[in-house]
Amino acid sequence: MKSNINVGVVGLGRLGGLYVEYLSYQIPGANVIAVADADTKLATEIAEKYSIKHVFQDHQHLLDVKGLDAVVIVSPTSTHKDVVIDAASKGKMIFCEKPLSLSLDEAVMMKKAVEKSGVFFHMGFMRRFDRGYSAAKKRILDGEIGTPIVFKATSRDPYRPSLEYADPKKSGGLMLDMGIHDFDLARWFMGDVADVYAIGDVLAFPEMKTINDVDNAMVVMNFESGNIGSADLSRSGIYGYDIRTEILGTNGTIQIGYLRETPITILKKEGVTHDTVPFFMERFQESYIIQLKDFIDKAIRDQEPSITVEDGERALLVAHAATYSLHEKAPVAIDNEAMSYQLKSESEKITS
Amino acid sequence: MKSNINVGVVGLGRLGGLYVEYLSYQIPGANVIAVADADTKLATEIAEKYSIKHVFQDHQHLLDVKGLDAVVIVSPTSTHKDVVIDAASKGKMIFCEKPLSLSLDEAVMMKKAVEKSGVFFHMGFMRRFDRGYSAAKKRILDGEIGTPIVFKATSRDPYRPSLEYADPKKSGGLMLDMGIHDFDLARWFMGDVADVYAIGDVLAFPEMKTINDVDNAMVVMNFESGNIGSADLSRSGIYGYDIRTEILGTNGTIQIGYLRETPITILKKEGVTHDTVPFFMERFQESYIIQLKDFIDKAIRDQEPSITVEDGERALLVAHAATYSLHEKAPVAIDNEAMSYQLKSESEKITS
Amino acid sequence: MKSNINVGVVGLGRLGGLYVEYLSYQIPGANVIAVADADTKLATEIAEKYSIKHVFQDHQHLLDVKGLDAVVIVSPTSTHKDVVIDAASKGKMIFCEKPLSLSLDEAVMMKKAVEKSGVFFHMGFMRRFDRGYSAAKKRILDGEIGTPIVFKATSRDPYRPSLEYADPKKSGGLMLDMGIHDFDLARWFMGDVADVYAIGDVLAFPEMKTINDVDNAMVVMNFESGNIGSADLSRSGIYGYDIRTEILGTNGTIQIGYLRETPITILKKEGVTHDTVPFFMERFQESYIIQLKDFIDKAIRDQEPSITVEDGERALLVAHAATYSLHEKAPVAIDNEAMSYQLKSESEKITS
Amino acid sequence: MKSNINVGVVGLGRLGGLYVEYLSYQIPGANVIAVADADTKLATEIAEKYSIKHVFQDHQHLLDVKGLDAVVIVSPTSTHKDVVIDAASKGKMIFCEKPLSLSLDEAVMMKKAVEKSGVFFHMGFMRRFDRGYSAAKKRILDGEIGTPIVFKATSRDPYRPSLEYADPKKSGGLMLDMGIHDFDLARWFMGDVADVYAIGDVLAFPEMKTINDVDNAMVVMNFESGNIGSADLSRSGIYGYDIRTEILGTNGTIQIGYLRETPITILKKEGVTHDTVPFFMERFQESYIIQLKDFIDKAIRDQEPSITVEDGERALLVAHAATYSLHEKAPVAIDNEAMSYQLKSESEKITS
């Protein structure tokens, strides 16, 4: 057991900047000693603000910093593969923000690199660390709702992302960019997914057609256990950021989620009104911090990571299968060899 | 035990008309055989609609109808005394809508007449029959919240009544007209009230000053048991009809009340909104019916009434004491003989 | 415009008995003059209780009662076809409880009989008359949520019905018996369904396997408009009767539904708790009455029925397609001729 | 405008320790350069953990640290007077945790010292910085509920404090220790209080009698504006930490408060349940941080403090008047000279 961990942060976008702040101030045992970002001006500013010694433009130099124990990867998804493989080869502990990759082939390569090197790897799915989701998991393990049999998820963004951001070539599309959280939760609560079927279309924002993605979709899943589940995804939850999940068991049901930002209610002739949660940082800020704490804590204690590279790969597989089902208008099995092959081709198409 | 009860209804205003309908169609064991109202045209129409044999302009003739077992009094409060005393003297069972009277002297006379004649007398306080309030009572008796120690009530009307209706000379004022429900609930849940202190003023509707009544008030009470309570009353609950009661026990608390008319929620950028309960008929319609059923049922079975004439008198006493406290700006004891005398004088002043 | 309608009620089970009570007492303009039930003792008792002149064992004699204007059909689904066709041929107005039939062939025959005779026919789907659902419909028509694009329904029974009742040969199975309400709502809010895909299994009650039906299922739908929807159905909503529907529009979303029987909340160390809605009569009692009022009212005024025989047939078609999809593990188009043929065969299999 | 503020923290109890953490890590512009606590071991540990240069056992030495700009006082209430007066005389900016003092005489002395020296003084009432309370304030100022006319507050602790802590000689008793927050909110939302009347008793914890304090109380207030208000206080809110406030306006009402810790709801046969808020740190943690930010921010910019020493003194006056009313069983005017004198004597009695 180490007393603390020297961390390098790769990628200093909005989330990367916050990760530096959290790791610097709120996470005991973490020392940020290096940052890297293509935007060197930004990287230098952040390094100064948090008194971080080493600043780089690329991850390779960062990985070579003497005494570096771990790397936190918050750079664009397309860069994940190289950073993960390089970090694994140099024996660094890895935290990688979701999604693992857009490409199933890349994901397999990354998984192999991690497994071969045996490094500690934490896949970033912050919802698992939300107080609601972790309490629900505990309650279910305690048997409070009996055996879980049905999984239901709803994810809605409050507005359409920029077309540049949303472009499936960059984001992977609705299923990979947004649905992947729900697919990870589905696996976490219910076990592996056997097959999926998805429907969806451009229903709210006609301009989404120009990037070949849908803005609303629904997915149903059979789990390998025989249980069933669904996820409905929307870019047009215009009323607020709405993340809800329900697990129905044989003895009751658990619902996770809320739509309320401040604890005030206004009652007027027109009705009783409260506000909604603006977006993901308001909803999950604490989860990001708890997740980073968990990463550092497990790393320090030489314990197993809470979420593995395989979790990252398998959620990605479900997301690709859902995307494929959406296009082919047919159910898609996850583990069928032939289908996997097709999925891979499909995933290449999406990302090429 | 009778098989059914022949009923006469005195007073055919809005509530009286509904009582005739409920007694005719929804209350097994009740036969409405006579109605009386000063407005004979109205009385005749209602009698025809519900195939009621006897129609009168006054209660005396109604009380003389052969075979009449019971009288339901929904006429103006100022008439209650005569109808009750006449009905008691003729041995009729009595249901009397709240308040018993505006005058404490009258209330004492009515109580004595009922006690002397030994007739069945049900004092109308429909809230006790609301599914929320009766469930709460049962839970408390079952010990679910431990020993009740604090009582809190809120009553708010959605708009100002007409000045004619609200005039204390007619309605008794805010404490008698509106507060009396909360004072009855206070006694029902906590036992008798020892003393009260009230504050209040014309805060929302300046025109209330012309009738010498307040539109908002707050009352705190010491119960004879040593426990404490409060009621806040408002004519300006402009957002809806808001009736809430809480009983805090040593082991938990029970809250009764809701503010929602239809089961729909609308979520928009401006917030999450649901509607409110418009007014008392929407909130308590079922309670009125359940109360009438209880009256008929207990009467048929020769059982004790659920709410007695003394309950009517004592709630009135609390309401008068609260009114007096409001005017005198001092705490008022309920059972002090001298104070009772003063209260009576006060009550005469209000109603004269 | 008639002044009132002479009604015969066919089928005096629990719901039939209530319909007689509602039509007798709470629905202006309705005169129940005849009842019929295979159980003559029951029929006679009910006739006496409500002073109904004519009592029969079968619907044919009831249809011949002189002066009879309308028939309300609450008898077992298997009898609907004969009663509807006979009533249509005799020019009687018809109210038929859901589902129209278990058989698509029968449904077509009934539709043709009604269309040929031109009689007034109201298909019983009471949810449309629930204050929540009708308010939601109005709000949507008023444009409050913009254009509706996603439909989501949840229906959960609080316990497993008896195997005898649930047997698909009698009930039609989960999709026809329970899902048909959601399919009707789907059509009402979103227009006709183009295709469905369903998954489901025996997850809570192993004994359901003996009757070849599932106890939990999920359905996704493409509407002809291009919009999308889902319904999840459960026999194991063990915590209460849970009926929820959401319509997501381009400008907001509407949620219909609640899970609360009495207006009390209990707060203890263990948490904040309120009760749930026990079952459908507690949830929809008022809707049944409003629907019967609508039927009588429209019939008296010679207006079009609010829900037509075609509505009954098309909801049934969706339910059959969903059943078929569940068995075939493939998406099923509703309006494809060949598929309709297959569906019909399938529906025969289910009901044979 | 300074670029940042050198801060000394006096008092390193639970809250003091957190203040050091917040000021060190989460509040831009604050440098903690000194700490003081009677427990030097604790003080040394904290200083080491946060790399704080100066450690003292008393505030005098701390105030003499070169370059010190401000002092944050979180030491026991009985020490506030000396620290405030000394800090004022040395021209230091002051943040003082509530209550200002237990003694009205002391409060007057402190106010005079602050006014004479002209130093920046922020009185700590963190609720004003809660997102709910500050949003409510803004909405009211925006006119959303019309003119505020009725104020209602509920404060309930989830369990009885230790008798040592609760002892009025130390804590000031229920009104000063707990009620003072509500009296501050009352003044903030409604303006100054004209008079109060309080009732209360030992209803839940008989052992409270040994320290001469009540465990449940209710207070009603007339504001100088003529508006009215109430606060009910309890040490036995055994179900959770329950802080609720409502401001009723002529055009609607605002309710602030919630009772929910995690976003999960469990639905079982026994009912629908969610958890409650454990205690004040869970409820108001963010408010403490926002308040410290506001203090530092205003201090840096040479702006007026958000809450003044007079706010501290006047809330204390209301709390003393309420205590006095509770004992005397009579209404107590706040601003009457003679009464103030009596109050002061009373306050001496309480604190001697």
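A few notes on this one:
All chains are identified by letter, namely A, B, C and D, in their written order; residue positions are counted from 1 within each chain.
As a working rule, a residue touches a chain if its C-beta (ideal position, glycine included) is under 8 Å from a C-beta of that chain, and two chains touch if they have at least 3 such contacts.
The structure displayed is predicted, hence computed values, not measured ones.
When chain centres are set by their Cα atoms, the one at the greatest distance from chain C is D. Contact count check for C-D and A-D (C-beta pairs in contact): higher for A-D.
One simple way to say how far apart two chains are is to compare their mean CA positions; for chain B and chain D this gives 42 Å. Averaging Cα coordinates per chain places chain C and chain D 59 Å apart. The centroid of the Cα atoms in chain A and the matching centroid in chain D are 41 Å apart. Looking at chain A, one finds that residues 238-239, 251-253, 260, 266-269 touch two or more other chains. On chain C, the positions that touch chain B within their shared complex are 24-26, 130-132, 135-136, 139, 144-145, 251-258, 260-269. Chain C makes touch with chain D in their complex at residues 238-240, 242, 259-260, 266-276. Taken in their complex, chain B has these residues touching chain D: 149-150, 152, 156, 197, 199-201, 203-204, 216-218, 220-222, 226-230, 232, 234, 236-239, 248, 250-253, 329-331.
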